Every structure is written in structure tokens, then in C-alpha cells.
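Look at the two complexes coming up: subunit A is in both, with subunit B in one and subunit C in the other.
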Partner chain A sequence: MKSLIQKLVETIGPSGYEAPIREVIRAEVAPYADLVQVDALGSLIVRKGKSAKNGRKIMLAAHMDEIGVVVTHVDENGFARFSNLGGVSPRTCYGGRVRFLNGAQGVIGSDRMEDLTKMPTLEQLFIDLGASNSKDTRVRTGDVAAFERPFVDLGSRMVSKAMDDRIGVAILIEALRQLKDTPHQLFFVFSVQEEVGVRGATAAAYGIDPDLGLAVDVTGVGDTPKARKMDVGLGKGPAIKVRDGGMLADPRVVDWMVKAAEKAHLPYQMEVLEGGSTDARAIQLTRAGVPAGCLSVPCRYVHSPSEMVDTGDVQNSVRLLLELLSHPVEF
Partner chain B sequence: MAKTSSTETYSPPRIGAAQIRLLERLCNSAAVSGDEGAVRKIVLEQVRPFADEIQVDALGNVLVTRRGQGKKCLRVMVDAHMDEVGLMLTIDEGNGIYRFDIVGGLDASVLAGKAILVGKERIPGVIGFKPIHLTDAEERKHPIAMETLRVDVGPAANKVKVGDRVVFAAPFVRLGPSLRGKAMDDRLGVTTLIELLKNAPKNIDLLAAFTVQEEIGLRGARVAAFALNPDLALVLDSTPAYDLPTWDDSENTRYNTRLGGGPAIYVADTGTLSDPRLIRHLIDTAEALGVPYQIRQPGSGGTDAGVIHKQLAGIPSVSVSVPGRYHHSPVSIIRLSDWQNTLTLVHAALTRLTPELLAAERA
Partner chain C sequence: MTDIPNLLKQLISTSGLSGHETPVRQLIEEAWKPLTHELTFSRLGSLHGLCCGAGAPPRPSILISAHMDAIGLMVTGIADGFLRLTSVGGIDARILPGQLVTVHGRQDLPGVIVSLPERLLPPHLRGQAIPLEYMLVDTGLLPERVKRLVRVGDLVSFAQQPFETAAETMVGHTMDNRASVAALTHCLSELKKQTHAWDVWAVASVQEEVTLGGAFTSTYQLRPNLAIAVDVTFASSPGSPSHRTYPMGEGPTLVMGPNIHPVLFKTLKETAERLEIPYSMETAPRHTGTDAYAMQIVAEGIPCMVIGIPLRYMHTPVEMVAIKDITRAGRLMAEFIAGLDADFMSRLTWDD
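For the complex of A and B:
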């Protein structure tokens, strides 16, 4: 599974421009799918199983997109000013590297800071593409890039700039591959534009009109030095979301997940996240409302170039998903 | 195949005296968000002869269908919002003095000392403020607080009441190659959309949405897109140009758009990541016709596309704006050439639309 993860996290796919990562995912899922579609906003939708009497229509969502940047101005010396696509913090930008969809690469520099104790704003940062003037540079206003940083395997932990949410993508792919039999009609949705406000899942959920929804995404942790208090840590199993900044998970879905974890003797932890949200919010609020929840992968340093997850948590997330999808839903 | 591959045979609709007069009428009308009746009336009068179907929906959007020729035309929603920013009177303090709230994005420093028109009867008044004679050095360091301003219509104006909407009294004028007036955002879009309906390309079903309540959160377009259920959407708006020299003569890197640079094509704003297929189609069209264009600087701000593209199972969307200086003030300035080039670009892009464009997956 690690080679799949490496391939997924090293493929470019900033919000709104997910085609490259979508092609990688499509190749992985096609042999296991009953139907593969791409919707109007670009989400990849994989159907598996027929609708049956004792089964549900379940939408599973992991987002393909990653945070990125978009050029706002190329100055006369060839430096590119930029704006964010999704939650990009200036704190993690300086000295970072970016790769544009056209292959151009650059490094991020900063205006001179009068006060070195202050963080630069995004407006004070620029991308240096190694050009000597604006004609020499390979990008122009509106061009999009993602951060560049290779995958690192630390054994029991894995690090990448795009664990959010390629790890969710990997878990969905792996579950699809290993799934032997399901009473449900499943829609594996590899959604677009999550990082800019769960936009892809909003459209996909409307189109699918599911009975039940589950997102697979990363969540924050409280297990690093002087961390903000949070009762989730790496290596303690998949986290079952109770709430986040945008959703109260359906208690029946939470219950369903807890029981499945216990039945399969899998470690799990309960997640109460103060901020943020996931595609589950979009599913829950579609049409007349849908019971929804989220299987979260604990992740350190979210939205930094080095997002870290635990390998065991990832494997147990696949197992939990398989347990959930292999049996009828009781509520 | 593109029907306009030969630029010699393609003649776009023109912005002439009649179009400028229509824009003048529309800009001078009062249509603060939620009270768009005056503009709606003009829109209905203008579009009636060209419409196959007209509907005024529950929120007040005007939805007009003009069908193309052939059975399987692409259904294209083109959107322009009818409403403008303004004020609403909230508390009667006697003698023709009123407290007010702002409707949409308005800056207190832009309001102080402006001539206004109040309510449907267009009662003249001013926005009262503390004159500089009476302010001290400390006060002058800070921006004007909205709470210190008042609407003043004088004691005789008994037709004014709490709840009335207020617009700038700002006559529309032509200044050589430019036009100046209030509410260019988005009467320019409204006028352009009327011209598109009058000169509708035959290859598409044109679904024109003249929307309400954009300035307070894209509310009208949300329901309009649901009702129209289009294959794709194009939003016509007017976006700020802040293309002035910087105070220290350094390079201006944050202008949003530039006057005279042509129609501004959106890539990314607060609400939308435009469909790359439609961005490419607009750029290809502009380059094929030799029409100047600019990419609006990605960043904050938004258009009706923000709600349209997420409607139903997703609607590929893009926005195009006429750049304008000093928006959300009585003195927006736009260039006639930018307006003409916007109309040309959008009309040509619609004429060149084929179902194949959306048959390819989104990038």
C-alpha cells in the first residue's frame, strides 16, 4: 500500500485542477468498478454493487485536491506574486518549493521584513522561478501550482505534503480492491475542491442522492509537544468523528462505526474537532438531508509540507471501512 | 466546428448610442438589493420582443429563455445581477434625519457628504457628517465611523419612512472614451445581457438570468440556477480596477484589473475556481478574434458563479467582468472599449460553443 500512497501523494492536483491525480486514481480503481464517471466539476465517481433490498446507497468521499497557489502578478523582474488555493499559511511557505501544472518550478521568497518577529503575509511572499525578467518566466497570472516535497517513509509513520487527503484516497482505493461482497450500492467519490469549501462533494452528493454518507479525511491531533489539547493521537486507531467545525455527525452513523470497530477488534478513538470540516458536511446537507459521518485519519502538521500519519492507523482504517461496507446497516 | 473560424464574416453586436442610453437609464434607476423593481421593469420591457419564455420567479429574478435552432442545443445560463449596493433607513430621529444600515459593501468614507435619493419617490437628500471645522487632530487620524453618519432629507420630506432604500444621486455622464456613473456594477452586465438576448447566437439555448440580491450574498442566482438547470453558466459582472500608480512609485502589483485591458476573465476568486475548459474557450476566442483580454488577479471577491457552479449536480461556470474604477461609489468609471470588447468576446464565445467543449472532462 505504501507504493500506492507514494504515487498518490507525489502527483499534482491543486483545488480546481485535479485532472493529473484523477488519472492516477482512475487507473487504480477501474478494474474493480462497475461504473466510472467524472461529473461536471471533475469529481471521479466509482460505482460498485447493485441496489438491493437490504442494502443502502452509500456515498464514500475522499478528496483528490490539495492546497496550492495561483499567480496574481508577474513583476518586471520575473518574480511571481501569488494567492492561496485553500488553507495555505505563510508560516509554512518561506523557502518552500512549488511546481506548476505546466512543469515550471520555483521557490518561495519573502520581502524584507521590518519586524523579524512578525510573520510575512501571503502578499509579502513571491515565487522565484529563476527568471531574470517577466518575459523569461514560464508562468503568468492565473497559473496554478502545488507544493513540492517528496514522500518520506519513516517505517511506522509516513510523511508527505498531501496526506490531506491522498491518504483518504488510498484508503478508499484499498477498500474497493479488498471488498469481496457488499449488500450495498456504493459510490466511491474522489471529490474535487474540498480545500476551498467542500464544493465538489456538494455537487456530487446532489447527483448521487445517497441514503448514507461517509467521508474519509485527515484530522488534527493533540499528541505533540505543547499541542493544543485534543484527544486524538497517532497510532491509536482510526478516529470516529463526533463533530467538527461544520458538522455534527449523525449519532446513528457514529454508533454504527463504533460497533463495527469493536466487532472487528480494531483500535479506534473518538474525534471532537474544534474547527475545520470535511466532505461529510456537504453530504449531510444535500437535498432533504442525509445521515453522515466521517472516518478520520489522525495527522500531524496538517497543511504543512510534512503531514504525518501512522501506518497502522491507515491499515486499520481500511479494515474498519471493509467491516462497515460488508454487512447490512442496522439503523 | 467553430462557426466563426473566419473573422471576416463575424460581426459582433455593437455598443452605440442606443446601448449607452439604455445603460444610462439602468444606472440611474434605483435597485438596492431586495428592491429591484425599477430595473426589472426596464429589463422586461427590453427583452419581451426577443424572448421565447419569460418568468419572474419568487425572489424577483427575471429568467428569460431564447431558444436556438436545432434539437440538442447547449443550455447556457448567462447571468447579470440587477441589484446594487445602497442604504436602508432604520431609525427616524425627527426633522428628516435618519439612521441607516448599509446594504452590501459600502465604505463610510465614500458615503460622507454624498447626494442621495431616498425611496421609490426618489426624495433628494444628503449623507450628513461632521465637518472638518469641528473635528480635532485625533479624530482625523481614524476612519469615519458609520454610526456618526446620518441621512438628511430635511423636515419637509414626509414621504420618507423607515425601511426606505437609498441610492447615490449620481448622474451618468460620458467622458470621452469613458463612462461615469453609479451602479456600473452590475448594470453593465445587465445591459450586455440584454444585447446578447437581442442578438442571440442560434447555436445555443440562451437562458438569461437577471438576478436579485447578489450584493448581499448571491442569493438570487442560487435559486435561478436551480430553476434553469443549465449545462454551463457564464456570469457577467463588473470588477474593480485599481490600476493607479503606487504612492511610492514602485510597481503596482495589486490592481485586480486594468482599465483599457479588455474583458477580465476570472480564474479564481473567493467563491469560484472557474472551469478551465471555459477559461480556455474564452482565451482561444479572444485570441482568434484579436480581442484584448486580461486575467483578473486571483484573490478575494466573487460573483454569482460562486453559487451557480455548486447548484444541482454541478454546473461548469466562469465569469467575465468589465473592469471599472471606484466601484461601490457614485463615480464608477469604465472605458467604452472594455465594454465593447466584453460584448464581442462573450457573444463570439457563445457563438463558438459546441457540446464537444463539455464532452471533454474538466482539467
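For the complex of A and C:
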């Protein structure tokens, strides 16, 4: 699975510009799908199985977009000012590297800060593409880039700039591959534009009109030195979302997940996240409402170029998903 | 005739935090059963009560909504048998220390919210209101027992007992928005006494305090021609800004703003004046903070109205409302609905 993860996290695909990552995912899922479609917003939707008598129509969502930047202005010396696509913090930008969709690369520098104890704003940062004037610069206003940082395998832990949410993508792909038999009709949605307001899942959920929804995404942790108080940590199993900043998970879905984890003797943790949200929010509010929840992968340093997850948590997430999807839903 | 003070007491004594409304929904079901022709649930748990109109089918319909979910707290962690907390909905942490609560674990447990003694707080927090992360619930149980009975994600609700004052006002937690559920119930019993041409969907909606989720989804499912949200609004009290608060006990508020269809506002206002029901005018230049904000933009769009019940000390365990304002809001809606004829929609224009 690690080589799949590496391939996924090292493919570019900022919000709204998911074409490269979509093609990589399409190649991975095609052999296992009953039907592969791309919807009007660009989400990749894989249908699998027919609903048996006791089966449901279940939408599974992992977003394939990643946070990135967009050029707002290139000055006469070739320096590019930029804005954010999704939750990019200036804190993690300085000295970072970006790669544009056209292959151009650059590094992020900063205006001189009068007060070095203060953090620059995004407006005070720029991308240096190594050009000496605007004519040599390979980018112009509107060009889009993602952060550049190689995948690192630390053994029991893995690090990448795009674990959010390519790790969810990898878990869905792996579950699709390993799934032998399901009473459900499943829609594996690799959604677009999650980082700019769960927009891809909103449209996909409307189109699919599922009975039940489950997102697979990362969540924050409280297990680093002097961290915020949060009862989720790396290596303690997949997290079952009770709530986040944007939704309250359906209590029936939470129970379903807890029981499945216990039945399969898998470690799990209950997640109460105080900020942020996932595709599950969009699914829950679709049409006349859909019971929805989220299987979360604990992740350190979310939205930084070095997002860290635990390999065991990832494997147990696949196992939990398989347990959930292989049996009828009892509520 | 429903006994409104008694119903309201029961409503606020029954738990039903956002996303977990089942206990209170069962109580509302009981109250609405004799008043409606049909009761159903949405997939998210909102209660839909239908009162069929007397007009010829296909009949237009109006949705009247009051959210039944309550604000409260949630367990985020367990430290030596004490529970750490986060809020569900908007909670003012300043009023929490000393509050009695119920922890909904594997069984309901009484508890009290406590804060660290001043000398144990980080220096920058001394001498001021303490943030929620420095508060805990003490259930008095030994750590081992707490571990068995409580887990992260369990709900904590307020346990303050309701009481009636000498002036026919009632005090308690969760008057926001069970007072409006009571108003809807009063409306339904008034409607029973008269004929109405339109179908009426009474909705006790879920998750208003977090996502307006019940309002979005039930309105999509029921596709009414019109919708009214009833919710509490700020009542005046000493020091409150007079342009943003409304007198308690002097009638409901009729809300005006971009969330409201002006013809609906005008018709409700005329109805109130005809019946000599007192009211205040409330302006909402942006978000009304009610179900109507969601209902207005569902599907092809729904003309909306908002009726407010003035309430003092919002989002505290001592929210205060006047019983009279509740029955007035209920009666006003009933009379408005009874006056809706087959041609009302054709008069609901933007031209004049």
C-alpha cells in the first residue's frame, strides 16, 4: 500500500485543478469498478455492487484535492505574489517550495519583516521562480501550484504534504480492491474542491442521492508536546467522528462504526474535533438529509508540508471500512 | 386545549441536544398526535406533523417550523475521573461554573461544572472569566467508574429545574427554542377549532444550533409554498441596546429584512392588527439566525416569514419567556393560516 500512497501524495491536484490526480486514481480503480464516471464538477465516482434486499445505497467520499496557491500578480523582476486555495497558513510557507501545473518550480520568500517575532501575512510572501524579469518567468496571474515535498517513509509513520486527504483516497482504493462481497450498492467518490468548502461532495451527493454517507478524511491530534487538549493520537486506531466544526455525525452512524470496530477487534478512538469539517457535512445536508459520519485518520501537522499519519492506523482504517461494507447495516 | 405552561415545563425538562433530539421528539409527538392527521420523521430526525386543509386538492401548503434541538456540552476527554468539555451550539462559558448538569453516558449521571481554583490557573487567565477548556464536570464518581460509564463524545445537558415566576413568565434552560415548539403546538390546537383551506406542515426541526440542517432538509422534502420560522429573539433587560431588543410580555416580534417576503410580513402584521394581538417590529438586516435563513433558499426558493418570541438571557440556563407571548404567537399563526385562500400565492408578488 505504501507505493500506492507515495504515488498519490506525489501527484499534483490543488482544489479546482484535480485533473492529474484524477487520472492516477482512475487507473487504480478502473479494474475493480462496475462503472467509473466523472461528474460535472470533476469528482471521480466509482460504482460497485448492486443493492441486495437488505442493502443500502452508500456514498463513500475521500477528497482528492489538496491545498495550494494561485498567482495574483507577477512583478517586473519576475517575483510572483500569490493567494491561497484552501487553508494555507503563512506560518508554513516561508522557505517552502511549490510546483505549478505546468511544471514550473519556485521557492517562497518574504518581504523584510520589521518585527521578526511576527508572522508574515500571505500578502508579504512571494514566489521566486529563479527568473530575472517577468518575461523569463514561466507563470502568470491565475496559474496554480501545490506545495512540493517528497514522501517520507519513517517505518511506522509516513509523512507527506498531501496526506490530507490522499490517505483517505488510498484507503478507499485499497478497500475497493479488497472488497469481496457487499450487500450494498457503493459509490466511491473521489471528490473535488473539499478544501474550498466541501463543494465537490455537495454536488456528488445530490447526484447520487445516497441512503447513507461516510467520508474518509484526516483529523487533528493532541499527542504532541504541549498540544491542545484532544483525545486523539497517532497509532491508537482509526477515529470515529462524533463531531467537528461543521457537523454533528449522525449518532446511528457513530454506533454502527463503534460496533463494527468492536466486532472486528480493531482499535478505535472517538473523535471530537473543534474546528474544520469534511465531505460528511455536505452529504448530511443533501436533499432531504442523509445519515452521515466520518472515518478519520489521525494526522499531525494538518495543512503543513509535513502531515504525518501512522501506518497501522491506515491499515486498520481499511479493515474497519471492509467490515462496515461487507455486512448489512442495522439501523 | 393544550396546557402551555405544563407542556413547556415538560419540553425543557427533556433532553435533545443538537444531533440527538430523539427524547424530546418523542414528547412532541405525543403532544401533536391529537392535533395532526399524520406524523412522520425526516431522515435526520425532524418531526413532520400534517394538518390537511379543507380546500380542493391539489392544495397549497405552508410549513411552520420551530427547532427542537438544544445547546449543551460534549465530553472531549477524561482526566482522573473529571470530564473535559466542548460546547454544542453557542455557549457563554462565563455562566458555566457551578451549573448542575446531566452527563448522558452509558447511564445518565448527575454532575456539576467546576473550574480550577484561581491559583492553579495559568497567570494570564487569573482575575478574569475562565475559558471552557479550564472547566471540568465532577460526577463525584471514582475514576474507574467514570471510565466505564463515560466516553469521549458523550453529551452533557443542563439540569436546572424550570420555574414559573409570579408574573406568568417561565425560567429555565432551552426555552430557546422549546418556547417556539410550544407556540407551534398552540397554533395547531387553535387550527383544530377552525377550518383552513391550506395544508399545514408543522415541523420540529433538528440541528438548527449547528448547521440549520433540519430546516434545509425538511423543507426540501416537503416543498411548501410558504414557510414561517418561529424562534426566540432578544428581550430587553437593563442595559440592553433598545434598537436590538424587544419587550417581553408585550407580544411576539414580526421580523422584516431580506430573509422575509414583504407581502408575508404585511399580511401577518394586518392579521395581528385585526385581532388586536400586540407585536413589536424586529429588523434583521442579514442572517435572521433562524430556520428561515435555510428554508428561503431550498430548491426553487420559498417565501419566508419569521416570528420572534422575546426571551431574556439567551443561551444561559435561566432563559426567561412570557407565556402570553407564546400563545399570542401561536394564535397569530393560526389566524393567518385560516385566512389563506386558494388565490393567496397569486397575490404574493414582487411588483407592488
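In the analysis below, the second predicted complex is superposed on the first by the 331 of 331 C-alpha atoms of A that agree within 3 Å, B and C clash if a C-alpha of one lies under 4 Å from a C-alpha of the other, contacts with A are read in each partner's own complex, and residues count from 1 in each chain.
The rule we apply is simple: contacts are C-beta pairs under 8 Å (C-beta built on N, C-alpha and C of every residue); 3 or more make two chains touch, one makes a residue touch a chain.
Predicted model, so just to flag it, every value in this text is computed and none were measured.
J.: If we overlay the two complexes on their shared chain A, which of subunit B and subunit C does A:P150 touch? Say first, second, both or neither.
T.: So A:P150 meets neither subunit B nor subunit C here.
J.: Count the residues of subunit A touched by subunit B and by subunit C, then name the partner with the higher count.
T.: Subunit A has more residues touched by B than by the other partner.
J.: Would you check which partner chain A:D250 touches, where first means subunit B only, second means subunit C only, and both and neither mean what they say?
T.: second
J.: Contact-wise, after the overlay, does A:E123 reach subunit B, subunit C, both or neither (first, second, both, neither)?
T.: first
J.: Is A:R199 contacted by the first partner subunit B, the second partner subunit C, both or neither?
T.: Once the two structures are laid over each other on A, A:R199 reaches subunit B alone.
J.: Of the partners subunit B and subunit C, which touch A:R281 in the superposed model: first, second, both, neither?
T.: A:R281: touches subunit C, not subunit B.
J.: Touch check for A:G207: first (subunit B), second (subunit C), both, or neither?
T.: first
J.: Examine A:V71 and indicate which partner it touches, taking first as subunit B and second as subunit C; both and neither are also allowed.
T.: Only subunit B is touched by A:V71; subunit C is not.
J.: Residue overlap on subunit A between the subunit B contact set and the subunit C contact set?
T.: On subunit A, no residue contacts both subunit B in one structure and subunit C in the other.
J.: Can you check the complex and tell me which residues of subunit A touch subunit C?
T.: It is residues 229-231, 242-243, 246-251, 254, 269-272, 274, 281, 284-291 of subunit A that touch subunit C.
J.: If you look only at subunit A, which of its residues touch subunit B in the complex?
T.: 15-17, 19, 22, 38-43, 70-73, 75-76, 81, 83, 85, 123, 140-142, 144, 192-193, 196, 199-200, 202-204, 206-207
J.: Can you check the complex and tell me which residues of subunit B touch subunit A?
T.: Subunit B residues touching subunit A: 251, 253-254, 265, 267-268, 273-274, 276, 279, 294-295, 297-299, 309-316, 358, 361-363.
J.: In the complex of these two chains, what residues of subunit C are touching subunit A?
T.: Residues 18-20, 42-44, 46, 74-78, 84, 86, 88, 133, 151-153, 207, 210-211, 213-214, 216-218, 220-221.
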